[in-house]
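Input: structures, listed below.
Both of the next two complexes hold subunit A, though its partner changes from subunit B to subunit C.
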Partner chain A sequence: MPAFPLPRRALLAAAAALPLLPRTAGAQGIQHGGRLTVAADSEPPNLNPAIIASNGVFFVASKVIEPLAEASYDGSDGLAPRLATGWTAAADGRSITFALRPGVAWHDGQKFTAADVAFSALEVWKKHQNLGRAVFRDLEAVQTPDAHTAVFRFAVPTPAQLIRNALPALTAVLPKHLYADTDIMKNPANRKLVGTGPFRFAETRPGEFTRLVRNAEYWQQDRPYLNEIVYRVLPDRAAAANALEAGEIQLAAFSAVPLADLDRIAKVPGLKIYSNGYEALTYQLVVEINHRRKELADVRVRRAVAHAIDRDFVVRTIFRGYATTSQGPVPKSDRVFHAPDLAGYGFNPARANALLDEAGYPRGSDGVRFRLRLLPAPFFNETRQFGDYLRQALAVVGIDATIVSNDTPAHIKAVYTDHDFDITVATPVYRGDPAISTTILFQSGLPAGVPFSNQYGYVNPEVDSLIKQAAATIDDAERVRLYRAFQKLVVDDVALINVAEFSFITVARDTVANVSNNPRWAVSNWADTGFTG
Partner chain B sequence: MRVLRRILASGEGFSGLAMLAVLLAVALAAPLLAPGDPLAIAGDPLLPPLQDMAHPLGTDRLGRDVLAALLHGARTTLLVAIGAAAAALGIGITVGTVAGFLGGWVDEVLMRIAEAFQTVPAFLLTLALISVTGPRVTTIVLGIAIGAWMQPARITRAEILSLRERDFVAAARVIGMRPLEIAFREVLPNALTPVVSLAAVVVAAAVLIEAALSFLGFGDPNRVTWGSMIAEGRTVLRRAPYLSIIPGIALVLTVLAVHLAGRGVAHALRSRRVVA
Partner chain C sequence: MRRAGRLLARRLFGALPVLGLVAIGGFLLLEAAPGDAVDAYLAGIGGGDAAQVAALRAEWGLDGGPLPRLAAYLGALLRLDLGWSTAFERPVLAVVLERLPNTLLLMGMATLLALSLGSLLGIVCGARPGSPRDRALSLAAIAIYAMPGFWLGLVLIVGFSVRLRWLPSGGIETVASGLAGWDRAADIARHLVLPVASLGLVYMALYLRLMRDGMAELWRQDFVRAARARGMAGPRLVLRHVARNALLPVVTMLGLQSAAMLGGSVVIESVFAIPGLGRLAAEAVARRDTPLLLGVMLLSAVVVILVNLAVDLAYALLDPRVGSGTGG
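Let's turn to the complex of A and B:
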């Protein structure tokens, strides 16, 4: 107690505030309470994770709106239950039955039931969601025999493995009572989120911050630990590092601290670097190739380009070691689907030169064989830097690449609608199953204008038939076999050139506990994250 | 020649012109001093300056030689700046002469257009043009000129207005010269002095606008420029500050040189007018 006398009213106020003060909770010494301030670099205009399944949205929305299950390091099938407590697939692949968690309430007090899941699946994921439109295309009906059971019925046999792998990212459940019979895309709850998660949406100030507060009625006993999460908008990457050092923020995820600064940050006392916690969000650094271009239609030229790239150099200097080299479209982090026996293309400029000579493109008097337009995607610093590197690497083998730089909308239009490019640098995301967002990069016959899909003019009927066959195969082992055959085929063809796989770095104060404890940590619900000491 | 001597006589003019001469020499000799592609990966990444004499100013994040980039960057910077200044003065002088000499509705229309351009900040105008046309050296030159022609136009017009009622103009009319011929052959040469001294201001502004464009990523990505070097270095500012500081110093010296030379020129021309 302070030595000086306090007015009685102040004492009463202090007593009322007591539950908000940190109190020890035993396990791992994590205390209840406290405000976690984290760096945010962008503010998505639509925060609804059921409509826009992207990491920028999940980063905030996953704390408020929950999926049926979350990715997990040690759970069965790599999953931890959230709104669903269990799932069983029928042997014919036509249905999956979800047991839903009882006793869960929406933030506005209404009860969560199977009707919410049925509505979200049929009206939102299937119709509006960027990824769900493909995965739930054949979802015919969702039956709700009781308030806590939902049976998904598919028109054609659908692999349960695919649906399981899709649960963390694609199944954010929306409250039916707020969305039914409204214009879902324009619903005000897309900004002021209402969910079942451990945190409630409190307020947002554009350009400043977004604030979430503890949901005292969360279904998991004694969680969450934190009272508040505040997302401070810090678009400048150098600012995030400084704010961490100054203690203004306690956590920066998604490599908000530049990789080049990490060596320095690692030495700052009180800060801790996590390079895990993103295994289910692998980004792939890829060279996209326009197969319509005469020179690039020749597989020898494509192989030459693949041989010209020094993947180790890219990982070492551009990613400063925080990445791994890659040869195929399924990353090594997916131990189930990754084909370990891909030959791939090692760094070998002599071989590249020989292949180009063989293909009939000798060097001209200026040492140039032919010219290409190179469009590095402007998404990351690393994509731009790799664009600069690729230009030099191609110059060594006599290909003169001119860099064309665009902003994001212009880049997406040039590549995926107008096909106005020769090669690009892109970063597709691997989302735990080749069928979610990977096979679409190789499948032919897609209409122009679908972003992040095969707009490269790559057509191989064998690949198409493998993709089709795998999509209808419900046996897990057979699916794996088909997708491994698929990887071998597209790598042989050099449909794209996979260069590296990278994920992100989290930097946090060492008083923040339970960071990076699942493979999608930054976009999971943070219910068990809290302060120690 | 007398003018040049007078410029050199002033301390400002001499130091400015000397610095510009060095810069020009460096820009012209860049392919000899640092042969090959300045963007080629030449060594280990992030070598600090003065450590390895093969790369006296160090290397950047990809291992590209900073000295080579600096020398070749001077070429781009000067090319863009001089090109933009020439284009801006060309447009400005033509518009100003026509407006001032013809007067009437032509003057009204041209000056209203100039005012319309002046209400938009020059940098935004340039930025808008380049984001539409795409960043290439020609469009950058044109973009900067579009944002800078108004001041030369207004000054030319003012000069022409004061000259066009003089006797020698009336005389030219009497001997049967056509109006545009009078304007460009008789009146303009006499009005040029103050406009030319404006060139320094335009060049200095062009250097800075080009740097700012490159810094924002709107420069030509296939050429090295000082602005893009600063922007590249910014991501490793705490670890390797020299990557931003070295091109920054080059930028400061260039703008300073242009300003000093401009003041020298203005001073020399002013004193000549008094003499005449």
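Let's turn to the complex of A and C:
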């Protein structure tokens, strides 16, 4: 028997012929087959990722419907090809050409072609998608010279870097033959997804579960490993941890097991904790500031608030170490855009007190300089806990904050429509490019009622012009330079206060292999995830 | 029988204004909460632009004032149209009817457990009030009654699901099990053991107390003394004379408690991940889905009205002295 060079396929075939070896053993001893049951806390009725680019939708839909490219730890530009195999941008920034993967079929048997990409881009991402409506606003046409080439043409020069960074989250491709000439928002395929991904949509029982099954015709040889993925709806905070311990589910992503329970869960034999795999969906713990409030309109007061916060304490105590401190609006996990040289505001109550004195707000007889209403977003345990911490930290420098607790819709309305707050605790998500997720928090002139945008009354013409300039800059290096200058400016201004960057925790049985192996793992396709035994 | 029929018709007709009040009250309640369905939706998807927000408000009929919307809702209700759920993007009727059986099953089983075990143990206690057996059981009942249902649920999960692994920790049945017929029924029964215990034991304690105290009282009544004087004793005296009469307040309580039990099921359904009406109501409030919340409230009101009607009919059967109030 020749030792090598024997092709890998032949080796696998030979192994398959040996009766004693497991017929379907793959790389790293991963078996084909099995059902992976995972915890789900929400069940979006519309599961179409081309319309709703959100993690709740992606968690399920990313296994069924694929984007042009996925985020990757080691790929060039941080990407791994999916439905596109390559992309080249024209020097004038007016077009990007995508080479599409040949031999791909939709789950209903039809062939995937460039027409599907053109339709998805122009009719869905540009018109209906919550993020795509901004990023693809200037997309004028998509030409399809052949079945596997799509040329995106833009009305104005558009940075190729931005489009590349948008590929994982914004470019889920829909089957044109099911969506053309229909009401896209009400298409039945928004529930019963049809895609090209490694798993097909099988069934859903509202309030109970959603089940996906293996796509035997998947374009990637020998993938996926799993036969089924079942998303079990577990609304209670304690439920995921209990179900994991009881062996009823094998995986809980997005910190479905609360940080407070991790110490206990870590001791359970057979369970493994992953703190990576969310780098491309970093959440930022931020204090939003109402610049309309007289005291807070003074930058010295805002700096004082920033100096009052002990970021290391927050990371250590509230996040139990599963976070990093932050000084600016682009997280460290984005190595391209993050400005590493921001001075920021260290923990310094003495400096904060001095700044407040200087600003003309001396302590009254009760030790209080002025009062603020603090609205912690109810989205996470940690936002509420940080709200409590912030109240105490502000008390130290003579600011008396009253906590106003709301549920989610009430919070959204109070902050982003009514501007009825002084400071808040918020968690904006960073989505891989400042133009997608970050500039909207600082740009002025947005109408009231747009959630998660600058409803803070913050206006700096210099910032606005930098944002505008960067949006039209097509050179990668120049774009990076502009966005770094932008970060410096908004941090000097203390437009917002960035406190920490956190992502989520995944807890899984140790028999589940290939967990958290890309920066968007929980919302990627899980084609290579499987059981080892 | 004709009397029962008249009672039924009168009660059902009389229930209509109640349902109207439930609808209006529920509407105003949710209207008073700040933020609307679009705010809730946008929070879930991570935001959207101004044009999208306005288009959604128009599509979901949220751009008008509250009064025209209430009028439109009541108008549709008269045509038996419960409206459209924005949170589930489906008709309300379909969503609530899907969840109703699970809640009825949970409530029915919990009531059965509470009533049977409660009155049985109540009889054991009430047969000899003041005996050591009575004291021990009564004390245990008070301890159970003092426990919050959700806490009891969590304790049962940790004990029987996580540690012992005897019973499933949640859900109404094994997900995507492919079971059918009796196997499926057995599977559902296994899933119901812990939630039914969590919900039912609290009421069991209540019924035990009622039964026991009622019986303790009855022992001193003349007709019981008379029966004893006639030489009656043992189980026949306890059951026929004492227990049967003590059962009346228990049955009354059963009707009154049916509404409270619906409330308790909100918590139990969440703890045990059972897709029922209670959890649905909580979701409807969180998503500001007014038509869905009103649908749940109306359906719950109908259930409570029907249970009370059944209780009244049972009352008449248990105690011939009690008429239906129609001059009989």
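We adopt the following convention: the second predicted complex is superposed on the first by the 509 of 533 C-alpha atoms of A that agree within 3 Å, B and C clash if a C-alpha of one lies under 4 Å from a C-alpha of the other, contacts with A are read in each partner's own complex, and residues count from 1 in each chain.
One rule holds for everything that comes next: a residue touches a chain if its C-beta (ideal position, glycine included) is under 8 Å from a C-beta of that chain, and two chains touch if they have at least 3 such contacts.
What you see is a predicted model; the values in this text were computed from it and never measured.
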{"item": "Which of subunit B and subunit C A:Gly364 touches, first, second, both or neither", "value": "neither"}
{"item": "Touching partner for A:Asp407 - first (subunit B), second (subunit C), both, neither", "value": "both"}
{"item": "Subunit B versus subunit C as contact partner of A:Arg391, first or second or both or neither", "value": "first"}
{"item": "Contacts of A:Arg211 with subunit B and subunit C, given as first, second, both or neither", "value": "second"}
{"item": "Partner chain(s) touched by A:Ala246 [first = subunit B, second = subunit C, both, neither]", "value": "second"}
{"item": "Which of subunit B and subunit C A:Ala260 touches, first, second, both or neither", "value": "first"}
{"item": "Touched partner set for A:Gly270, first subunit B, second subunit C, both or neither", "value": "neither"}
{"item": "Dominant contact partner of subunit A by residue count, subunit C or subunit B", "value": "C"}
{"item": "Touched partner set for A:Ala238, first subunit B, second subunit C, both or neither", "value": "both"}
{"item": "Intersection of the subunit A residues that touch subunit B with those that touch subunit C", "value": "238, 406-407"}
{"item": "In the complex with subunit A, residue positions of subunit B that touch it", "value": "37, 39-41, 45, 61-63, 131, 134-135, 217, 221-222, 234-240"}
{"item": "Residue numbers on subunit C that touch subunit A, as the complex places them", "value": "33-37, 39-40, 42-50, 52-53, 87-90, 95, 98-99, 154, 157-158, 161-162, 165, 168-172, 175-176, 270-276, 279-280, 286-288"}
{"item": "Contact set on subunit A toward subunit B in their complex", "value": "237-238, 241, 258, 260-261, 263-264, 317-318, 378, 381, 385, 387-389, 391-392, 395, 402-407"}
{"item": "Contact footprint of subunit C on subunit A as seen in their complex", "value": "35, 37, 42, 44-46, 52-57, 130-131, 133-134, 203, 205-209, 211, 228, 230, 232-236, 238-239, 242-243, 245-248, 379, 406-414, 417, 429, 446-447, 449-453"}
